[in-house]
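Given below, in the form of structure tokens, are the structures.
Both complexes below contain chain A, partnered by chain B and then by chain C.
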Partner chain A sequence: MNHRILRCCVIGSACALVAAGVLEAKLRVVSTLQDFAAIAQAIGGDRVDTFALAKGYQDPHYVDAKPSLVLHLSRADLLIVAGLELEIGYLPPLIDQSRNSKIHPGNAAYLDASIGCEILSIPTQKITRAMGDVHPSGNPHYWTDPENGRIIARTIAAKLAAIDPKGTETYRENLSAFDTTLDAKLVEWQVKFKPFAGTKVVTFHDSWPNFAKHFGLEIVGNVEPKPGIPPTPSHTLEIINRIQAQHVPVILVEPYFDTKTPKSIAARTGATVVTLYPSVGGIPEIKTYFDLFDTDLDLLVRALGGVS
Partner chain B sequence: MTVFELLLPAFVASLILTGIHAYLGVHVVERGVIFVDLSLAQIAAFGTTVAYLLGYDLHATGSYVCSLAFTFLGAAVFAFLRVHRKTRIPQEAIIGIAYAVAAALSILVMSKATQETGHLKEMLIGNILSVGWPEILKTAVLYSLVGAFHFVFRRRFLLISMNLAEAERRGWNVRYWDFLFYVSFGFVVTSSVAIAGVLLVFCFLIVPSVAAMLFSERLSVRLAIGWSMGAVVSALGVALSFQLDLPTGAAIVATFGAALVLLAVVRVLVRRRHLA
Partner chain C sequence: MPLHRALRRLGGALFAGSPLMVLLAFSLALARPAAGQPAPPSEVASLRQEIDALRSEYEQRIAALEAKLAALSTAAEQRAAMPPPAPPPPAPPPVTAAPAKKSGNYFNPAISLIGNFLAVGGQGSHGDLPNASLRESEISLQAVVDPYARADLFLSFGEEGVEVEEGYVTFTALPAQLLAKVGRMRTSFGKVNTMHLHTLPWPDEPLPVVNLLGGEEGWIGTGVSLSRLLPVGDTFTELTFEVMRGDSPGLFQADKTSDLALNGHYRIFRDLTDASNLDIGLSYGFGPNGTAERADTALAGLDLTYRWKPLRTGSYRGLIVRGEAYRSERQQPGGRQDAFGWYLSGEYRLAKRWSLGARLEAAERAADASLRDTGQALSFTFDLSEFLRWRGELRRRRFAEDLTTNDFLMQLQFAVGAHGAHPF
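On to the complex of A and B.
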């Protein structure tokens, strides 16, 4: 009698383990940015689980290390990074601590999403420390151009197919669906923002050159004279005078920066401070890569409506 | 906008900060509670982050009131846990612990926040260039009230700071007066840190008072030296930051450091001449 119960238990738990194994068979994709996680989810569908180290409302240059991040990295089947030294301040030690050799730079499960994308502001002169937080390989905020999003989606689809050949068909179908949606959205965004093309803006950090190029904004200056260093008097003065002389209507600020300095410049010039979201997850409503541009363009159009 | 229009508010704000801090600094140095302002400022910042998480804007009245409430709590702790006689735990230890715990709690709270997480860094470094005239006016009124309060009760506060034993011999309720001292101090620090950042406020508080101690024992002379030094160094720091194109707050702090070294050298030279 006892033996029978024991046998049932053993068989039962074995079945449970197998079932769990089937459920757990999803590919674990970890990305530094929520944008890549959103795109990977769109491409991978049911075959992948995604997790982003930096939430969309956090400064992607600095993420506070938490034990859970290392845990996710240690189990990752694929790591997607922005590259161009965006994550250099926090990611390398996390990868080391994860003891997951697959996701080390250069190895099979490490994917640099910048490959093939259009990268702006690549320095032409020699980089020195005196230039502040400048990225020697170019501006790493390239995902704010939806055409780069298309390339990122292709890169991710190819990588997923290489790691998980059984899903190749799924990934191809999802990529083509992503492309179709993107095409439709590009037209919609173009129409929506056309009246405001050529608008001059000042941005807090240099996160928006790709976005500006795609949608036809003209960035006339950054509030930070050098990325990561507080503004000096002569630089603040120059920005104030530029805003006044060129009638710049808005100052764009990323959600993770203190708005005190931009607000004080706005108060002196009559410009409006607009918080614009550089990443998916900046606010809970931005769930997909397409939501990101829907939300940002809405915010911009609303802010410019009063002045244009 | 001209350079003058941009720098004038920052300079006037520095003068107002010097006015109250050079005076409070005398008390703080005499009491040997040098880091009390860092600690109260951090407690105030913790209050701001809590208010922020409850849905108030970082720079709105609601979060100011909340940070003030937290500061009063800190004031009460510092007043009632003055040297713990039975265990000989010094007050500076309690101040340090309060600083560390408040700083850690603000980090934890801000890790749950989804906007303006750069605020903690901004609060440390500050940007005195972003101060506007309405803020300066409000601060001037507030500091005048605190100054008047200290002037009315100057005998009590000064004796407790300079000669605790005598104050106790007279049977004064030292804890009660200490609480009032730290509350008034908290009022000042909460506003001044919002304007100038923790680093600069610490300098305004401690450096003029220490520099004055190099030259005199008398309170009136010390205040005169402290105020003059604060005003001159602020002007110099603001000017240097423009000339050399450096962040203004940090430039003023560095100028304070250099001025103190210079004054120390002057003291040595003056003493030599006296002896010769």
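On to the complex of A and C.
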């Protein structure tokens, strides 16, 4: 009897050790945005654990450099960032305090997801802060174009395979599955949104150039007079005039902006305010990168009078 | 103390001659029409042989180049085609953070400037704040030194001159969760002492810093700082130990080379919810005060910060409540002086551009604990943009000499240059 108990204990602890070993073996992927975490999870499958520093419903420009985030970075096997100075307000001090030299820019476990993506609004003239909080390397909201999502997935798959060569086959298969799903989704989205291609929109912040380009929206203005500058009465009036003159049907607002000004513009013009989610996690239902476009396109189609 | 450092430059790229140029020269030579007198048949035959040999050689080369070109364009087409025939084999992608700028300044430090204008109005000023001053404007130079370290230099410009507020190298690649800083730095004593003037929530320093940490500058030390992460589950904790030169104006004074000031700090940080967190610090430091042989000043500090900031609407709403208490034990001729000081402050953000604040403060004086100063202040902050800020403070201070001052402080801050990290 005692032997049996002892044996059970031994086997149990062996199992626990093996389980711990398996858990231990998971790659810890930390990303700044939930979008990259979702893609990394899709590619990495069971081999990775992901964590995003910024929540999807949070303004990605203003994330607090909380010490609790330092802990996640200190344990990270891979850090995925948006780059293009999107994280400049909080990430550099966090990386410095992480004591994890692997994830410093330029080192093996630091991945800039913007590499290879189509980046829009790259300044072609001398920039000054008179233009607001402009990004010298281009608009950093590039993941809102699903074709860029494809490139991000490939970049992540390549990086995961480089860090964890044993998983190469898994990553290759998952990437292939991701590509297949994306191809099918692209057709579905195109069919769904085709009747609304060419629609003129006003957006709160300049977060949507890639999304607009892919789905054929025409952005005619921003509620912010300049990036990062809150709405002003004179600019709001100008936007109202523009919406009326060009019959703009919708005003797109990111979930983290105050809807007061957009709503007052809508009341004066008859346009509809639509909260559109720029990132995975914007609402709990958006769990994957594909959910993001499913949700956003449904919201848009519904606002434009279509059947989603 | 000037900080010397050398920046490394990469060697120039090697020039590689283009095989196309060689081919071009060949083809030109061959294309030239034969001219002049007819040559003897044997010479003609040998020339023809030579030419044939050359032609076949260059045809081979052209064929090889064409094959290469075809391979490249097929690869490019494959890459452009949607959907791709097969996912490419995972290969390590380039790891540059941003597209490299074509600039000789690329490895130069990031430079930023923070200007700080302060106007003071009121009656019977006890302090030495002039009614208008460009006070402690700051230039920072920051860069990565090599794979193991980064360097930060903060120069503070007042109307009296320039001083090195901080200048240190941080070793970021140490083992065992260690982080080391070497140079001149704000010591990790308490909370506000570690903050630069432009990151304070007020235009002025609170009384406990002024009375117990040697003046408005606080405790800036020169030496070595070593800190280690000690996570307890999901709770961040960090232990810092610092060995500094035994000099700091108004606080420590070293007579001998062996006189040192030491400081220890333990920080605990925990997220209470997604939107709120608690930050607690315990500090203890001591050093020679120069009033007598072996006379020390020992400092103990407790700091607490509670933050509430809903993640979704964090740009529009937020509350920070912070408080600190210091105790100073100063050995000096005539007996030990035990002085105590504290402040409690709250800041509430009510709109993207606006926040309001209030502060209560009281501190005994380090050299004579029987003298106690108190103060109250109300403030507002208006952020015109992320880079320009107006702040006003209505302040009443009651000094131990039975003197009360009512002041209005108006601060204008502006930041230009490299985008710095947001203070937390």
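To be clear about the criterion, the second predicted complex is superposed on the first by the 286 of 308 C-alpha atoms of A that agree within 3 Å, B and C clash if a C-alpha of one lies under 4 Å from a C-alpha of the other, contacts with A are read in each partner's own complex, and residues count from 1 in each chain.
Everything below uses one rule, namely that a contact is a pair of C-beta atoms (placed from the backbone, for glycine too) under 8 Å apart; a residue touches a chain by one contact, two chains touch by 3 or more.
Quantities reported herein were computed from a predicted structural model and do not represent experimental measurements.
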item	value
Fit-or-clash call for chain B and chain C when the two complexes are aligned on chain A	clash
Which of chain B and chain C A:P230 touches, first, second, both or neither	both
Touching partner for A:G89 - first (chain B), second (chain C), both, neither	second
Which of chain B and chain C A:Q58 touches, first, second, both or neither	both
Which of chain B and chain C A:S121 touches, first, second, both or neither	neither
Partner chain in contact with A:P67 - chain B first, chain C second, else both or neither	second
Contacts of A:L175 with chain B and chain C, given as first, second, both or neither	second
Chain B versus chain C as contact partner of A:S137, first or second or both or neither	second
Which of chain B and chain C A:P255 touches, first, second, both or neither	both
Which superposed partner A:T288 touches (first chain B, second chain C, both, neither)	neither
Comparison of chain B and chain C by chain A residues contacted	C
Overlap of the chain B and chain C footprints on chain A, listed as residue numbers	55, 57-59, 64, 229-230, 255-258
Parts of chain A lying in touch with chain C, wherever the complex brings them together	55, 57-59, 62, 64-68, 70-71, 74, 81, 83-85, 88-90, 92-93, 96-97, 99, 101, 104-108, 110-112, 114-116, 129, 132-133, 137, 147, 154-155, 157-162, 168, 171-172, 175-176, 179-180, 183, 228-230, 255-258
Of chain A, residues touching chain B in the complex	55, 57-59, 64, 229-237, 240-241, 244, 255-261, 263-265, 267-268, 275, 283
Residue numbers on chain C that touch chain A, as the complex places them	82-84, 86-99, 144, 147-148, 150, 170, 172-174, 177-179, 229, 231, 234, 236, 238, 267, 269-271, 274, 277, 279, 307, 309, 311-316, 352-353, 385-387, 416, 419, 421-422, 424
Touching residues on chain B, where the partner in the complex is chain A	1, 3, 6-7, 10, 58-59, 107, 111, 114-119, 121-123, 125, 127, 129-132, 238, 241-242, 245-250
